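Right after this note come the structures.
In what comes next, subunit A is part of two complexes: it sits with subunit B in the first one and with subunit C in the second one.
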Partner chain A sequence: MNSSRLAQRLVQLGFLGAVVLAWYLTTMQGHINPLLLPPLGSVYREFVSLLETGQFWPDLRTTLYELAIAFLLAAGAGTLIGYTVSRSGYAIKVFDPLFAGLYAIPTILLFPLYVLFFGIGPASKIAMGATIAFFPVVLHTTSGLSYVKEAYVTAARSMGASPRQMFWNVMLPAAFPVLLTGLRMGLILAFLSILGTETIASFSGLGHQIVELGENMDTAKMFAYIVFVICIAFLLNAAVSFAEARGQRDLA
Partner chain B sequence: MTETTPAIRVEGVTQAYGAEGDPRRVVALQNASLSIAPGELVALIGPSGCGKSTLLHLMGGLAAPTTGQVWIDGEPVRGPSPQKVAFVFQESALFPWRTVLENLKLGMDFQGVPKAQRDRRARESLHAVGLSDFTDHYPNQLSGGMKQRAQLARALVLKTDILLMDEPFAALDEQTRMVLGEDLSVLLARTGKTIVFVTHSLVEAVFLADRVAVFTARPGQIKNIISVDEAHPRSRSFMTSDKLGRLRNELYELLHDEIRKTMGLSKSEAAASGKPLAAVQEGEK
Partner chain C sequence: MKRKLHPATARLGIIAIALFVWEVAARRFGDPLFMSPPSRVLVAIFQLAHEKEILAAVALTCWELLVAFALSVIMGLVLGLIVGLNRFTRGSMYPVILLLYATPQAMILPLFVLTFGIGTASKIAFGVSHGIFPVMLTVAAGVQNIPPILLTSARSMGANRRQILASVIFPHMIPSFFTGLRLGMTAVLFGVLLAELYVSQSGIGHFTTEFTQTFQPQNLFALVAVLAAIAVTLNELCRWAESRFSRWHA
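So, the complex of A and B:
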């Protein structure tokens, strides 16, 4: 790491440190109602006990289960439909703007309808997550596959590639970095919308737990859960970025 | 004495884009006829957009002509014939997600070469173009000249009788292309392949080719064919010879007006008065 990168990291760490320090200082004296902003120490104790008791497991399991199913549905449908659309110039002209337009709609507003359709359990969260994650996946799949450099296709054709060889050996690897970007966006959006909808109407899940703690004025524990979710999000992001970087390194 | 079947025969070929009567219809190539003997090296030269690359694609079966017919070894062309024809393209058409060696192997996989032969043949071909030390490099790790060598290797490894090259050195600097041109002359003389290549460089055309086909401006027609009577492989001394210079000038005379037409210029005042164009532009400011 060169010195300017190091300096950037230090500033970033310093910023986070300042936020935590400000929190610590303002809550230390008891001037602030601990129901609104609990002291750092009590949040820390709640967080440690959360990890020790493992009481987060049922909620984490629900949320990750919803995320996994929603993501698989979005990824499967998105790549399949994206691939089909990319096969014809006409379909691209029709469906690409259509999907892009639908993507711009605040889909989250459909959630009350989804609760009506799928109930208050995980199914409505899965449906919401899958709907929202579908769009970046389908849009990236279409554009990735339809903008493969003409030179690669011509070269493969001149060497006698069959349609099947063309897809697996040329189209897919050429579009892969773009496909991965769509999948990464899909996963992150699914996670956000599942957490969000859990806070609106649900029986379990991390979002549900946080809202319940808030409503019970158990603010310290609520903050502990928020920190926990931030950690999960961070891990998820790191894992996906790692996979993406690897995929692009292997193919680029 | 019987006439040998031409390796490539093009008869009255026209290629147009857009429907007849459409004002945007572009005729890229008009009524081109050309016959190329086995083992012959022919350069196609002409102004931009004159249909040289189009003709090359038609020869390789990558496109079908609007009218006319192309034959390879006496057989009508109906699509790519990877067993007979290999291509080298202008920009790097190497697959960047595969190493140089894997690029060569994939070409053989497409063409249907048995798996057991692929590795050995790929290495031999890379050795022939001087890339033995770069087998496991990715295309992005290579210089422009090396990329074109690798593309040439990928075409040579297919062991076709015909090699079609679409401005293979266009993206390279003058020195690199000269060295590559020399290497190519030696290499190709040895393989005895029939070669057609498109170029913008007059010197390159004369240095490498047995015959140079000169195209008119769009709609492209073959205006003239010049023979370069010089044995292969050609040495560096040919590069600086009077003969090459004379042929180069002859080509330039043929091309001169066509290039002006392409640029949308009539015979300009500068050309008429013999003043260099830069001086005219200076005067306009």
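So, the complex of A and C:
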């Protein structure tokens, strides 16, 4: 088992190595226009200078600020409304398909309108991110809370649990994994749509920076920024996984 | 309220009330440059239906969606099976796919445009880059959650590898496969439309930008409403297929 895990790690490393090697070889010989795929070395130099000079800070701050506000709005509204709806089976039947249907609508199309309403600054990205992230949160909250096993609820009630105890000690722990999935999807969708809307219309943020570099044909620096954003996404993901494991352990 | 309305009726009622509030609010307080009541949007839909350019743009977007979705499903299915069926490839590649899935593709949108041009190809490619991952992940997860007892009993009854694939693994995979189709559909919509908005030379993105900049909210809403109707229809189709093909799944 242990040696097969090691082999799997080796395959993963090999995959990464193959990508890097292919990149290095194709760009070295000049087979590919450096505007499309810049040489590995120059991307590395740009990346190092990016980290050294710290010029990514203003854009990173804007994007993370937008993400934080959008996620808090979506998570707050989503859990609150989801909880309210999950209180009654009738409300679930009425609202759940409604939210699911709205979720299927590509909200991103409304973005030009959001720019009209909220301006071209961070507000329109926050609103867009919050709108898109709201639906997975509310859908998962409703389904998580409404599918708690009947036996748990009956047992707790027969042991005389108050409504508050019922919520904190029975409903929440039982629904927790599903709730977390919703929050996680919400966070990823918010990040995705904020970066996406920054590329469409913005004056700041990581998405805007990348597009601007691309339009100025400064591809080496653009790739450096892309690598940087991938690192941020990776860290964000790791943080969520950590919080998830932590939360599950605390509730167990 | 003694007798409760049927949930679907109540839902329609809520939608009707929302439309009514929107109508009144837009007429009384809304700035006609930014906001448009639903009645005018409805009129605009019929007006736009006569404009050839807009019809062509909608048809083009539908074509992009269709191709991107088909490519995502085929490639996602094949890759998902390759990754999911073998214990070793699953262990090694599944985390890689998860990581790629969590990476926001939106920021490499300029790269897609550089590589595939500003035409249809870049939008399809960008849509595929969004749609392929949900399909791949759900297929890989679907074939891996098969209870071992089913495989053992099939094998002990003398099924060969092909029979096991056809009669045990595929049927078991179907519910999660259709979930993947639905998620993939949503992702493809997001990807294609985002690319449309970014490169707004032709197609839907061009018109949404134009309607916004020339302050014709009724046309913008009409266009969004048509696309939303298409999206909801596609979604319902996937949901229907999901329940239809997993009916035997108790």
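We adopt the following convention: the second predicted complex is superposed on the first by the 247 of 252 C-alpha atoms of A that agree within 3 Å, B and C clash if a C-alpha of one lies under 4 Å from a C-alpha of the other, contacts with A are read in each partner's own complex, and residues count from 1 in each chain.
Going forward, a contact is a pair of C-beta atoms (placed from the backbone, for glycine too) under 8 Å apart; a residue touches a chain by one contact, two chains touch by 3 or more.
Please read all numbers here as calculations on a predicted model, not as lab measurements.
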| item | value |
| --- | --- |
| Which of subunit B and subunit C A:52 touches, first, second, both or neither | neither |
| Partner with the higher number of touched subunit A residues, subunit C or subunit B | C |
| Partner chain in contact with A:174 - subunit B first, subunit C second, else both or neither | first |
| Touching partner for A:165 - first (subunit B), second (subunit C), both, neither | first |
| Touching partner for A:90 - first (subunit B), second (subunit C), both, neither | second |
| Doubly contacted residues of subunit A, that is, touched by subunit B and again by subunit C | none |
| Interfacial residue positions of subunit C with respect to subunit A in the complex | 4, 7, 10-11, 14-15, 34, 88, 91-93, 95-96, 99, 102-111, 113-115, 186, 189-190, 193-194, 197-198, 204, 208-209, 211-212, 217, 220, 223-224, 227-228, 231-232, 234-235 |
| Residue numbers on subunit B that touch subunit A, as the complex places them | 60, 62, 80, 82-83, 85-87, 89, 91-93, 95-98, 106-107, 109-112, 140, 158 |
| Complex contacts: residues of subunit A adjacent to subunit B | 151-152, 154-162, 165, 169-170, 173-174, 176, 250-252 |
| Interface residues, subunit A side, partner subunit C - complex | 4-5, 7-9, 11-12, 15, 35-36, 90, 93-95, 97-98, 100-101, 103-106, 108-113, 115-117, 188, 191-193, 195-196, 199-200, 206-207, 210-211, 214-215, 219, 222, 225-226, 229-230, 233-234, 237 |
